[in-house]
Structures are given as C-alpha cells and as structure tokens.
C-alpha cells in the first residue's frame, strides 16, 4: 500500500465526513439493509445528500441519543445494518448504557459513527469535546474501536464495518487532514501500519494527529533521529505485536491522539508494553477540560502538534539528566 | 436448597390449532399461566433468587402472548418475518424462561440451570443464549427504543410483522421511554404495541409515593398513542385486546394492563416486599397450594 | 473579520427602580432587547460563529427575565437567596452573555473576547467563569433536571427563591426532561418555571418534521404542570406571566413561549438555515438596519 | 495506622453498604446540608433507616438516573451536599453525560456513590455488572475516583468526601469483605498504603480484592516470595511515587481489581510506570462480559482470587522460559 509522505503538511486537507457520506451512499446503493440513524444530526453529519437519495433509510429520531442507539439495535434485529451518525460527544456520553447493553452485550450488528470527535468543536467547549469516547468504549467488552486518520482510511474502515458482523465504533473526523494513504489502502482490523520506518524511537498515532506525527518524524530526521511512525487505526483490538516490536526495537514510544491523556490509545499501548515488554511511553493527550479555543489552538496547546510530538520523542531518545 | 431437574415438572403446553374457539384459547392460556406460575415458584424457591412479584404480575400477559397472540413458534424462532416480543422489564427473566419452556422454545429441564454457573438462563435474558429472547434487557428503559427500532425495520420492509414490548410501570420513569414513544408516534408505527404491567409498585414503594405516573392514559395519549386499559390478569380481555391491535390506524398502541405484583398469592399480592423476596419453605408450600387449588383466581381492578 | 472592543458598543441598561410602572418596565425591556440583539448580531458577525437564530428567538425572554423578573443583580449574584435562571439551550450562550452585560453582570467590553482563546466566554456557558451563569450547559436536556434540583433545595430551605429554566422545543425530545418533569410534579415544585422557546425549529428541520412535540400543552399538563401560552416576543405578556408564577399552587409552571427563530430579521425569521449561520457583510448591514429602524417589530403568533 | 493482617480470610465479613449508611447518617446529623439522592434505590442502598431519620432529606427521583445526577447538581447549586446513591452500573452508564457536564465540568459539590459495583450482582449478569465504571470515570477530568477496601475505609472516604469541595466518585461494595484496617484509619486522598511490606514483587489492589491480595501475599511468603501489598483506594489522582517505588524496588507489579482488565486501576498503574519507570505489570480483571455465576464464582474464574493473584506474582518473580 502506498503512503503519501512527501511534505504532507502542504497537501490539500479533507473533512473526513465527506468520505463518510460518500462511502455510506455507495454502501447503501449496494446493500439495501444499510440505513442511517441520526439525532437531528443530518446537517452536522453531512447526510443531506444521503437523505435525498434514500429518504426512507435515514431515520431521524430527533434529539434523543438513548432512543437513537436503542432504535439502531432494534433495526439490526429486523435485519438492517444501521450506521448511527451523531456527534461523538453525545453519542457516547448520552447513550453509553445503550451502547453497552443494546449493542455490545447484545452483539447487535450496529455501526456507531462518532462524528466530529476529539476537540473538533473547538470553541464550543468541553461539553462538545469528545475526548473521552475512546477510553469509554474501549472499556466495554465486545466493542471494536477504530480511529481512522484520513478520508481514505475512513472510507476503508466503513467498508470493512459494513461487511463484518457485530458492534463497531468508528470516529469520523471533522478537523481537516491531509491524505496519509494512497487510494489502494485496504483496512485490516487490528493491524498497525508502519507509515514510516525508523529505529530510534516510535511514534504511535491515529486520527487527526497521525499526519502531525509524520511531520514530527521529518523534523526528527533532520536532527538525525530516526522515528518509526505506526498508524494505529484500530485501538481495540490493539496490534500487540507491532507495539511489542516498537518497544523492543526503539528507545521508547510516543502516543499521540486527539483524546484524553490516558485510557485511550495511550492507555492501550501502556497496558500492552507493561505486560509484554516494558518500555518508556510518553502519552500525549488532553489532561483537563480545555479552555476556550479553536481545535487547532487546543491541539497545539496540549502538545499534539508536530513540535509537541517531536519534543516528546527527543526526551525519550536523549533523556535529560 | 438447590434447584434440580426434579423441580422442573411443568408440562409442555404448546399452541392450540389456529382455528380453536376463543373459549378454548382462553382456557388454554389460563392453564398455561397456572403451570407457568407453579414452575416459576419452584425456580425462585429452589434457586433462592428471582423477582417473583414482577413475575406473577406479568405471567398472564406472557402466557397470552406466547399462547395465542404472537406469530412465533419454536420452528419459526429465527424466521425474519416472526412477530417480536421484547421483555423490557428484564428482571422477570424467570417468568420469560418458564413461558418459553411452556411453549416449547426451551427444554423444560433446562430450567434447572436457572442462575447456575455458565447457564444460558441468566438473571436477565440474553438473546445470544436463549432462543426466543429478542433483546438483552435488565437495565430499565431499554426495551421500548429497541422495539421502536424493530417496528421501523418492519415498516421499511413493508411487512405485517408485529412488535410487542412489555414494560414495568416504574420503568416508565426512565426518559428513554418517552423519547421512543415520541418517535413511535412520529413514524406512525401502528404495528407496535406497548404493554404496561401496571401493578403500581416498583422496587421500593408504590409508584404513587415514588414518582407518580398518573394520569398515565393522558400521558400516553399526549405522546400519540391509542390507549387501551385491560385487566392484566383476565386472559379473555388480554387475548381480545392484544390480538386486535392496532386500534387506530397510524397510531401505536399503549395497553395499560392493570395487575397486582405477586398475583394471585394471598400474601404476595400487591405487597412491595415481594419485589425480590424468596419464599421460604412454609411460604412456598402455601403459595403452591393456592396455585394448585381449583378455580381461576379473582382479580378486581382497583379503583384508580 | 475579527471581533474587537470597538464592536462592543451596547449601553449598560441595568434595572429600573422596583416601583416603576408596568408600562415603564415593558418599555425598558423592549429597549434592552433591541440593544441586546444589536450587540449579539455584532458578536456573531465579527466572531464568525454563534447561534443567531436561537439567540434572537430567546432574547425577549432573557431581557424580560433579567430586566424585570429575576431577583438577582450584579451585587447579589452570589447571594444564596437569589433567584436562579438556567439556560438549558446553552447554544445561545452569546445571547446570555450579551444579556448579562446589558444588566451589568459582565463588563460590556469583555464581550470582545467571545470565543477567543482562553476567554471566559465559551461557546456554551461556564458557571465557573462567568458571574450570573448557574449551570454549564450545551448538551441538550441537562438544564431542567438541574433546575429541579435547585427548586428542591429551595423547598428544603423553605425559601421563596424561584427557579426558571429556558429550554428549546427540539430539546424537549430528550427524555431527561420528562424524567425531571415527573419529579418536579411529584415534589410539587410550584416555584419552578419551565419556559419553552417554542420556535418550532430545531437544528436541521422543523420539530414537526423531526419528532413532533405536539400536542405540547397536553403533554406538559399530563406531566403535572400548569400550562400557560404566551407570545414569546411580547414583553408585556412575558412580564405578566413570568412574574405571576405559580398559577396553580403545588404545581410547577410550563410557559410555552411562541417565538420565531431569528426574530425579527426578515430573512432569518423562521428560517432553519439560521440555526448557526453567520451573517455576511451585506446580511449584517441589513439586519442592523432592520434592528435599528424605529418601532417595535411585529410578531403574530402562528396558527398552531 | 493499624492494619489487620493475621489470617484475614478468617475474619468476619462486612457489607460496606452498612458502613455507608451509618456514616451518611452521622454526617447528616452533623451537617444539615447533606442530602441523599436515589433512583428507587432506597432498599438496595440500605437507606431505609436514613429515610426514617431524615424523611425530607432523601430525594427519590424514581427510576431516572439522568435526572438523579442533574438534580444532585442543582441541589449543590442551592448549597446542599448531595450523596447520590445508586447501583454503580446504572449511575455511571446511564448518567455519564450528566456526570461529565453537570458534575465534573461544572465542578459541582456532588458525591457519587456507586453501590454494589463490580460483579456484586453476580447472576444478574453483565448489564448489572459495573466493571467499566472506574475506567469511565477516570477518563473524565476533574473527577476523583475512590475504591475503598473495607467498611473502615468506606466510612473514612465518605467523611473525607463530605468535607472536601468538589466532585467525587466512591464505590461502595456489596460483596462482603473482612476488615483490612483498624478503626484509627484516616483516609488521605491520593495516597497508597503499604498494607504489607515486601521486596520481591508488588501487589496493588483495592476494593473487594485487596484482602485477597493480602492472602496471596501470605501464600507467597510461605514459598519465600516477599510480596509488597499496596492498597490503592484512590485510583485518581494516583499515588505516582508509590507506584514508581514499587516499579523500582520489586520485580514487577500485579494489579488486581473488581473491574475490567484495562482502563481502571491497572490502566492507571501501567500509564504511570511507562512514563516514569518501565516495569512489568500484570493486570488482572475481567476481559469479557461474564457468563452466569455468583460474584465469588466470577472472581475466581477470572483470577481475582488469592490463588490467581499469587500465580500472576509468581510469573513476575520467576518468568517461565
């Protein structure tokens, strides 16, 4: 598979919701069982064109997330494949027991699509920041958790989800990102992708932060530090082998994600290394409710920029006295 | 005390031929309800756990549904076009398992595993382990949204299959139900029937003392449902109402089934203590005697 | 375009003396509402973000509450005995900040920090950062339960302080509200007033197309509230109703304020596109002209 | 502080809910601001006597967890100190957005008491098992997470919570436990307690599993393995120093908790060691939705018995080839 890696910061940027709706429409054309389920989030999920194409197959339950997820479970019982599309903050916080009981424990064939996750809602504040979603859903048994990094991976993950049986949570980013992958990319569940080879230190990332990790690796290369960059779209189940190899072969691991620092990707990596091959891990993420600021401002503020990631990597390679 | 196969004595009753008379159906349901109560009493007594008050409140409804209303049999339990029944008040799993066994969905002697390690018969129903269970319930307020989802799927399929969901009255304090009712009405799901086990008791007290549901008919009507009230222990009334839905084209139905928790046991009936109390030996014997004594137990609807 | 202090031109209006006549109060509220709209328009236009439709729908209600109804002033903002106002539809934070500034709770020029890095004026209100904000809202369906909690605390204190909460109509699709309403009625919280901004639009469509709330008066009445309907842009009606609560001793009050999203701007009013659209230069100028033009904008209640 | 340590398995057992209601009544007598808030859980929280003593101060909102937590936040706004008492599974799963927005982000003075957590509900099944609560609440900023191990610690933590300002989550165990602490125990937030000294390996535990870890340490001692046992009642904020010392001074750490394996105490310890002093950690907990079985059966089945803990410790001390 091709990885787009030259001066990624200068590439055009994409809102992954566009890939989401395109792919959903493509899937819905091919499989009549696919339906959308939303909470007054037709616009914010960019599903206007989908509704036009499939007026009966977009179920809008209104502003009612518990009902939304319960309804999705019932639709699955009736043989449908529901894609629930709602702001990730409300989907996961408001309907968590439905996700646990009606989807995960019931093993219902429901695809939960958390739109505009992380701090995409910037100035709308912590109530709208969905930084806990990964930690919350990772704690639930029988739940697959996927955090795609670009439009290509978003589309590929959705296609995979549509044809695999069972509960899946996919984050669909709003904050625009360059393409990391070529169009030949195929999603494989539970597999890390080495998007850049390296031996000194490992950067593990996903979602909107992955390309920043690639830029960080370039900066580090200029200083003679060879950083391996692992794309980790599947947070659960985690690619244990890739993490253990990184722990074994490099000086340490930096995890960087648009999420709370702990419990999510960073937590999963930490739990893996301590149980298989103890190593230093620097976990980047949000340590508190963010103050007012745009998404970009907040990422920078909490070290989720290329500079912040490179800094964390430097400290692992050359620990200060 | 341990539950063993010796305590699983219930006959398998199955369904009557479709063209049986109403009187035959009602008699059959009554016999089923009696047998299910006796078996369920044994389950709870010997397993030492269960929710007998809520079980006995709901058994006449369950027996009517599985005995004569639902288009589902052990053979069609995976047929996509089967009717769906969702037990939202999942704490009465014991009553559901016993009912499923009475109608042949589950071997009667499997009831002996109730609550035992690795049993399929958990304290709350698991659809992945028990044929005939449609939803994993237990937390209250989940079944109605799931039922709405199923009714929507039927509507999308332009199918005539029906969806029934049984909710507790205390359970209706959960807001998720009202979200689902608004959606059911918006989508005009007239093949959806919500049955409320209106026993006026919840876990710790009466609904009135806790968070009154009344005026419940007005609430349901204002949320767009056609409302019907029945005596929830009268098999004839239940049969007539549950097989006649929908009452208003375009509207989902809300059946308020007036019941007593613990019905018809003299010392359990309408007594909040029996939400999850387990009958001791003497209580067990007395309850068994009352159940086995001839005649159909009387239930007069309370003045509301 | 950047929001600067130059754009924060609103006069501080404060409260009239307590014994002012009703006519004086109404005129004062009208002037405040006008100034708040002009200022809020500038905030949204220059900051490039906000929810102007919902802001303009609610400003007459906010101006009436802070201008003449609530027993709260900048001096008593921490007084335990103050009235509480909770903005449940937290997405109209801009309208709330501007209202708080108009009545002296917040320096007017601090409005220039709206949505800027590290500003206290987040896109949704934060009670730990802005004096006069009682609850951190933003996710819909949170304010009413919190208001019930406060009203309960007042009742426990045998205090006469009142609790008002403003909810969106789309917001009422959240079941948490109905849970809270049942509890409010159970606890007979007659010093609690729920005001619904009944603009019949939500984020993406009309309430009717999405998940109809009607018959809303019947729903609220069945949940135990005394229901009153008002023209939500008529300051006199709002003043009369909001200061007269409770209407039925022992019952909480449900005020359905009929409004238009985007009122009174010709091209915004009742137009779902303006949920969170930002006026461009031409639209800004036209809206400003319409607001500054003399006379009180007319609002006729729609036939329901 | 005294630690009860002789043959702890033979000591009398206590349901911590009894300490809970006794302490709550004592606190309510002393401070009129304290109120209880429940969801039809008067009986299951053992609050009948409290209701008798303070009929107006036990607010029962009915079966409505979202409302329960929102109401608690409003009561706090009115100057009350609400102790929310509800089965931990429903409190945390059903009201998670209220916990995040109305309590944590609002910094409301609300005490969330998760009753009968973990697998206490045994045969009632995964919907009633509250094994995710710690991971879920730990992911929320500004949230203190406490998991007491016995009635003494439960009472002490409650007293601490009543006098400290701000959001607290306390698990109140139903599954009966022997006393680990003497009556002179005082709760200190964020501090581990060395309940048994040792140099070879460290067992970190809390809640109903702590006494099992003590028994495991005795078994290990009989084999010549000296196990340090750290009681970690505060999962958040974690006692970083105690964890780092354990990582530095012993061959590895076993974490054992009545919770999902990952994201909770084990996750917090893993994240700490990888960032401060990489070491082996064996994380014990539930890896899946449990099958039917009693609480005791399930703890044993998933290695949360003294034997299971000792086994994990042995593997750390003498790694098999």
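The first chain written gets the first letter, and so on, giving A, B, C and D; residue counts start at 1 in each chain.
One rule holds for everything that comes next: contacts are C-beta pairs under 8 Å (C-beta built on N, C-alpha and C of every residue); 3 or more make two chains touch, one makes a residue touch a chain.
Given the structure is predicted, the values throughout are model-derived calculations rather than measurements.
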item: Chain pair with the most C-beta contacts; value: A-D
item: Centroid comparison with subunit D (C-alpha atoms), farthest chain; value: C
item: Chain centre separation (subunit A, subunit B; CA means) in Å; value: 42
item: Where subunit B and subunit C are represented by their mean Cα positions, the distance between them in whole Å; value: 45
item: Interchain centroid distance [CA atoms averaged], subunit B/subunit D, Å; value: 36
item: Subunit D: positions in contact with at least two other chains; value: 61-62, 64, 66-67, 90, 93-94, 97, 101, 105, 127
item: Numbers and ranges of subunit B residues touching at least 2 other chains; value: 126, 136-139, 141, 173-176, 179, 182-183, 186, 210-211
item: Chain contact topology (line, ring, star, complete or other); value: complete
item: Subunit D-facing residues of subunit A, complex; value: 90, 93-94, 96-97, 100-101, 104-105, 126-127, 132, 135-136, 138-142, 260, 262-264, 266-271, 273-275, 278-283, 286-289
item: Interface residues, subunit C side, partner subunit D - complex; value: 80, 84, 126-128, 134-139, 141-142, 144-154, 156-157, 163, 175-176, 179-180, 182-183, 186-187
item: Residue ranges of subunit C touching subunit B (in the complex, touch as defined); value: 173-179, 182-183, 185-186, 210-213, 215, 218-219, 221-224
item: Subunit A residues within the subunit B interface of the complex; value: 35, 56-57, 59, 61-62, 64, 66-67, 69-80, 82, 97-98, 101-102, 105-107
item: Subunit B residues within the subunit D interface of the complex; value: 49, 90, 115-124, 126, 136-141, 170-171, 173-175, 202-205, 210-211
